[in-house]
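Consider the two complexes below, in which chain A is the common component and chain B and chain C are the respective partners.
Moving on to the complex of A and B:
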């Protein structure tokens, strides 16, 4: 065993911390990499599902007989039974498998279903309507005040009076309404699987961010044990939080495959994908905040609501207000139930909404006082909830330089105009946990010097293979190309699902541990051969040598030949809170945006977007920056374009197609500048992760920039041209 | 439970065990059966049933920590 697990001291690493291309980049770029959608075993059938056309109904009858008469259809299978209640449009009712796409499409059309329509509610932004329709859940309340209520006081009455007093004594009060609409998951590769039986054992090629956790999810509904199922996901075309579960349509694909004795591929059509495979909850807020003349918030009082869709929930009150934590605050959260598909985790659950609903209010304080937003954010840093005040301050300074903030700044609505076009700056800050979760890695060293790292992880876009190879190669003093990485099978040692920004910390932990333990065993053999103490040996440049005496050394291959005839296999295990300094949690970040807004058309154009982000020790800055670029684009997308549009009468999702669900094009993105903040204090914390954090702030950042340009708040995201024009028209009437 | 009755849902009783088949994102990240207790941040509140792989359980009712408890017909206790 290694004496102590550690990372190389700063400045001594050969590979870690330097930019590297993805080791699977060429395979992905050339089509050699096989995604779930590409898997096509011989004699495979194609399958699709029939989604319910109604947002709320009862199934009176299902008749599949017509489908199975369609030439080319091999099997139709019901997924609902008579009497079932369907709570949202697109929920799968039946599946059809056939020889071709055309046959399956005809088969789906031939299914006859009788429905009994039920009442519909989808207006999640309208709290009064939700209350009238009895679609609100029990409110969650949380009040924290600096002044304690007397023992005999009515606490609610005391809070009312205390908050009223604090607001009255404030130099400035902002009363605002803000919000952020539901957006849906839009993975390039939709949800689905190809299921192939081998006797009584199932091989499931599943698009998943949870390789180690999905075999059991297939097994239970199929009456198998987890050991009878192998889940394989070599490459995934996006997950973002929506692909942790197996889903009933994939289980149905496995059932059909078993029944017909042929492999079945069932991937969701885009419209069903958007209607049923997960979305991000909405959030709307009414808030009153009081601040002093410097913009420091003294009291926060808010009520927010939103929907998880057809299940109960909403944005957690713990993120209200976001990052900032004034000493006097009262939050009330109300969940709303709608006839829309249930939400699933969407990259940083709760945080983008918390940010977009509250850091805009802080910016409105700056606007009302005529102060620089930068100064107001800076002055409120002493109230941040995560003890990262100094980190934020340093990141703000870097971001401001990259944006040239001080030179470009003007008070809200007071900038020069070029015709109808005005420009503005905005900023926001964010936080996230991340860190390592349980993970196991097997390191295999072969007597010929070959090295393999094997674990049941997945690459959700994090560059997982590359990071595992880097950690392994660094430990053994080998080039990156010397390490083979095996991930993507549930038969490999279990590793955490990719969610919560934990993947890189988790796999780095278990891999470094395994590699250091394995190296110790190799070093013992080399020490004996060279007649030296094992503690004096270092692995570097393809050799194991006595530190400071390169003459006493063996090449890596010669060292591995000492293993004899059989490979050495060492398991590295990381359990949560097993802290030896390889990973930690909690990161921060600062973002700034520069926009142009055309007051005649309402169109917002991104000019520049700056992101400064800490993430602990950075294994591969190139893939880390890649994640940040992706987050910026995703953030610009939900700030300006993405929006689920529902028909309030029928509950139908009106823009559930890739052509109608608007995403940005390259020309909509502008210049993106990313900067990793990694001083010694961050490096020494170990690996944390950054999948989520950089996607949190864009909504508030861009909204604040638009407000700075116009001098008018566009209250709800996305900031569509219509909403911009509506906000300007409303301001003119006041 | 009909959709219009969800607003009457009571708070979960402290320490009340959830069904063995309850699943959520946080469970697969932390490895814990109850990630709400262990670490709230990685979860998102979205739950599903391991038996149905859907947000509706075998009884066609919602899967939710506060409902998937011992009073429900499809409830299976965790050892």
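Moving on to the complex of A and C:
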């Protein structure tokens, strides 16, 4: 065992903390990287599913016979039976496997299903309609007041009176309605798997962010044990929280493959993927908020609602108000059930909605008082819930400089206009956990000096392979190219699922531990050979040498030859995040946006987006920054463009194709500036995950910038031209 | 799915013929010989191919490849499942994502919106041709600028940037921002793609 697991002292690392290209970057850029969609074993069949065309119905009958008569179709399999209730459009009814895409498409068309229509409800933004349709669940309530209720008082009545008093005593009261629509994950590689049997054992090439955790999910419905299933995922084309689980269509692919004795690839069509394979819950809020004349919030009183889709739920009340935690607050969360696919974790579950429903209200205080939004955020920092006020303060200063905030600021709606175009600034702050989860890494050192790191992780796009290679190479004093990284198989030592921004912290911990332990064993052999104490040895520049005496050394290769005939394999385990301090959790972040809005057309253009983010110790700033750029763009996307549009009567998802589901293009993003904030205090906390935090604030940030430009709040995201024009028209009438 | 279902069921030859006549593939399809010989862009205009698989000859990345395809097989499906060239990706049913972009006779095109038989006699270049031991400057710049995350859109983007810069070798950043809107990236790599393209214009080197 290594004596103590630790990261190199700041400034002493050879590789960690410096920008590195991805080790699998060329494979990705030239099409060599094989994703689940690309795996094509000999004799493979293609398969697709038939999605239910109705948002709520009962299956009266399914007739597959026509499908199997289509030339080229090999097998059709029902996924629902007579009497089953379907609760959202796109839920898979049956699957067809065949020799070609066209044969399968023809086969799907030949399936006959009879449905019995049931009542449909999809209007999640309309609370009264949801209540009338009996589609709401029990509200979650949470009230905290500075003043305690007397023992004999009716608590609700006391809270009513107390909040009314606090609002009355406030210098300013903002009463607002805000919200954020459902969006989908839209992974560019749709959900799916290629299933291949080897006797009674299943190889499942699954597009998953959970390599170590999905074998069992295949095994149970197939009557196998997890050991009989190997899940493989070398590359995954996007997940964002939607690809943790094995779905029924994945199991169906395995069943068909078993029955026909050939491998089967079943990937979802784009429209089905959008309708059934992942979305983010909506959130809408009515809020009253009271502040003093400096903009410091004293009382928050809100009711919010939204939907998880076909499972009852909505945005958690714990993220309202978001980050800010005034001493007096009451919130009520009402879950709504609709005929739409159940939501799945979407990059920072709850937080983007919490932020978009809270920090716009804070900004409206600035608007109402004619204050600088920066000052209002700054003055409310003492109430943040995560003890990071100093971090936020420092990050705000950096962001303001990068944005040139002071020079560009004007009061809401008071800026100069260029014809019909006005510009504005907005900001918001956020928080996230991101601590490591249990992870194991095997380090193998071969007698010829070759090094491998092996673990059941996956690369969601974060540069996981590169980070593992960097940590390993750093520990052994080797160049990055000397390390081979094996990830993407459930047969490798189990590592964490890539969710909650835990991947980099998890794999860094377990890999550093394994590598330090392995080095210790090599050092013991070297020490014997050189006649020195193992403690005096350091691994650097391809050598193991006595510290301060470079003459007493062995090359890495010679050191490894001391292993004899067999490779050394050492397992690093990481169970809890707090037992050694190689990783930590909790980050803050500050974002600012500059937009232009055309009051005639309602079009919002991004000019500049700035984000400053802490994330503990940064292993590879190049890939870390990519995640920040990506989060900014995804944020611009849901702030300005993205929404699931449902027909209220039929529950049909109207824009379920890439051509219709609006996402930003390269020309829509403006200038993006990202800055990693890594003072000693953060570096010394160890590695913290990053995937989620920077995607939280863009909604509120951009909404605030648009409000600053117009002097009018566009209440619900995305801020489409129509909504901008509607908000302007409404303001004119008032 | 919008329409990868060209035939209205029944599978009769009549509907297939009617379809081929009305499609963009008709010219190429009717130019192909049926029977056991390899179809070339010949001038035997009277015969139809299909409905079954017919061998065709495609020029892909400078190599002549013979592969059996049905008339309704898209170039994307043929590349991916007959030639194991999986760089071009199936992302959208039309060409709105750019993920299946290849270069046909020097011009960018979506491999999922053209039939394989329509490509007989044309020069097809896929992203794989930009890799290898001496990679093209564009993927090298993508690597240096980390213009990728999950990477699923990346091969299509590399082809798009290559095609754009071939046409506009001195493109400014502004022109790049205005001219490269063909491709979609869900992970949000646009900022890095812009940096990569700018690097190539400034003299990014082949690997």
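In the analysis below, the second predicted complex is superposed on the first by the 732 of 734 C-alpha atoms of A that agree within 3 Å, B and C clash if a C-alpha of one lies under 4 Å from a C-alpha of the other, contacts with A are read in each partner's own complex, and residues count from 1 in each chain.
As a convention for this text, a residue touches a chain if its C-beta (ideal position, glycine included) is under 8 Å from a C-beta of that chain, and two chains touch if they have at least 3 such contacts.
This structure is a prediction, so every number in the text was calculated from the model and none was measured.
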{"item": "Partners on chain A (chain B, chain C) - clash or fit", "value": "fit"}
{"item": "Which of chain B and chain C A:187 touches, first, second, both or neither", "value": "second"}
{"item": "Contacts of A:110 with chain B and chain C, given as first, second, both or neither", "value": "second"}
{"item": "Which superposed partner A:238 touches (first chain B, second chain C, both, neither)", "value": "second"}
{"item": "Which superposed partner A:246 touches (first chain B, second chain C, both, neither)", "value": "first"}
{"item": "Which superposed partner A:461 touches (first chain B, second chain C, both, neither)", "value": "second"}
{"item": "Chain B versus chain C as contact partner of A:342, first or second or both or neither", "value": "first"}
{"item": "Chain B versus chain C as contact partner of A:482, first or second or both or neither", "value": "neither"}
{"item": "Chain A residues touched - chain C or chain B, whichever exceeds", "value": "C"}
{"item": "Three-chain overlay, closest Cα atoms of chain B and chain C, distance in Å", "value": "20"}
{"item": "Intersection of chain A interface sets (partners chain B, chain C)", "value": "none"}
{"item": "Contact footprint of chain A on chain B as seen in their complex", "value": "2-4, 6-11, 21, 23, 25-31, 39-48, 50-56, 60, 62-64"}
{"item": "Residues of chain A that touch chain C when the two form their complex", "value": "21-22, 25-26, 28-35, 37-38, 40, 44, 46, 48, 70-71, 100-102, 105-106, 108-110, 186-189, 235-240, 267, 269-272, 459-463, 622-623, 625-627, 629-634, 637, 657-659, 663-667, 669, 672"}
{"item": "For the chain C and chain A complex, residues of the former touching the latter", "value": "1-2, 4-7, 9, 11, 51, 70, 72-74, 77, 80-81, 84-94, 96-97, 99, 126-128, 130-132, 135, 139-140, 142-144, 146-155, 158, 176-178, 180-181, 183-194, 207"}
{"item": "Interface residues, chain A side, partner chain B - complex", "value": "56, 83-85, 87, 119, 134-138, 210, 212-213, 216-217, 220-221, 241, 244-248, 250-251, 278, 308, 310-313, 316, 318, 337, 339, 342-346, 349-350, 432-433, 437-438, 496-497, 499-500, 502, 576"}
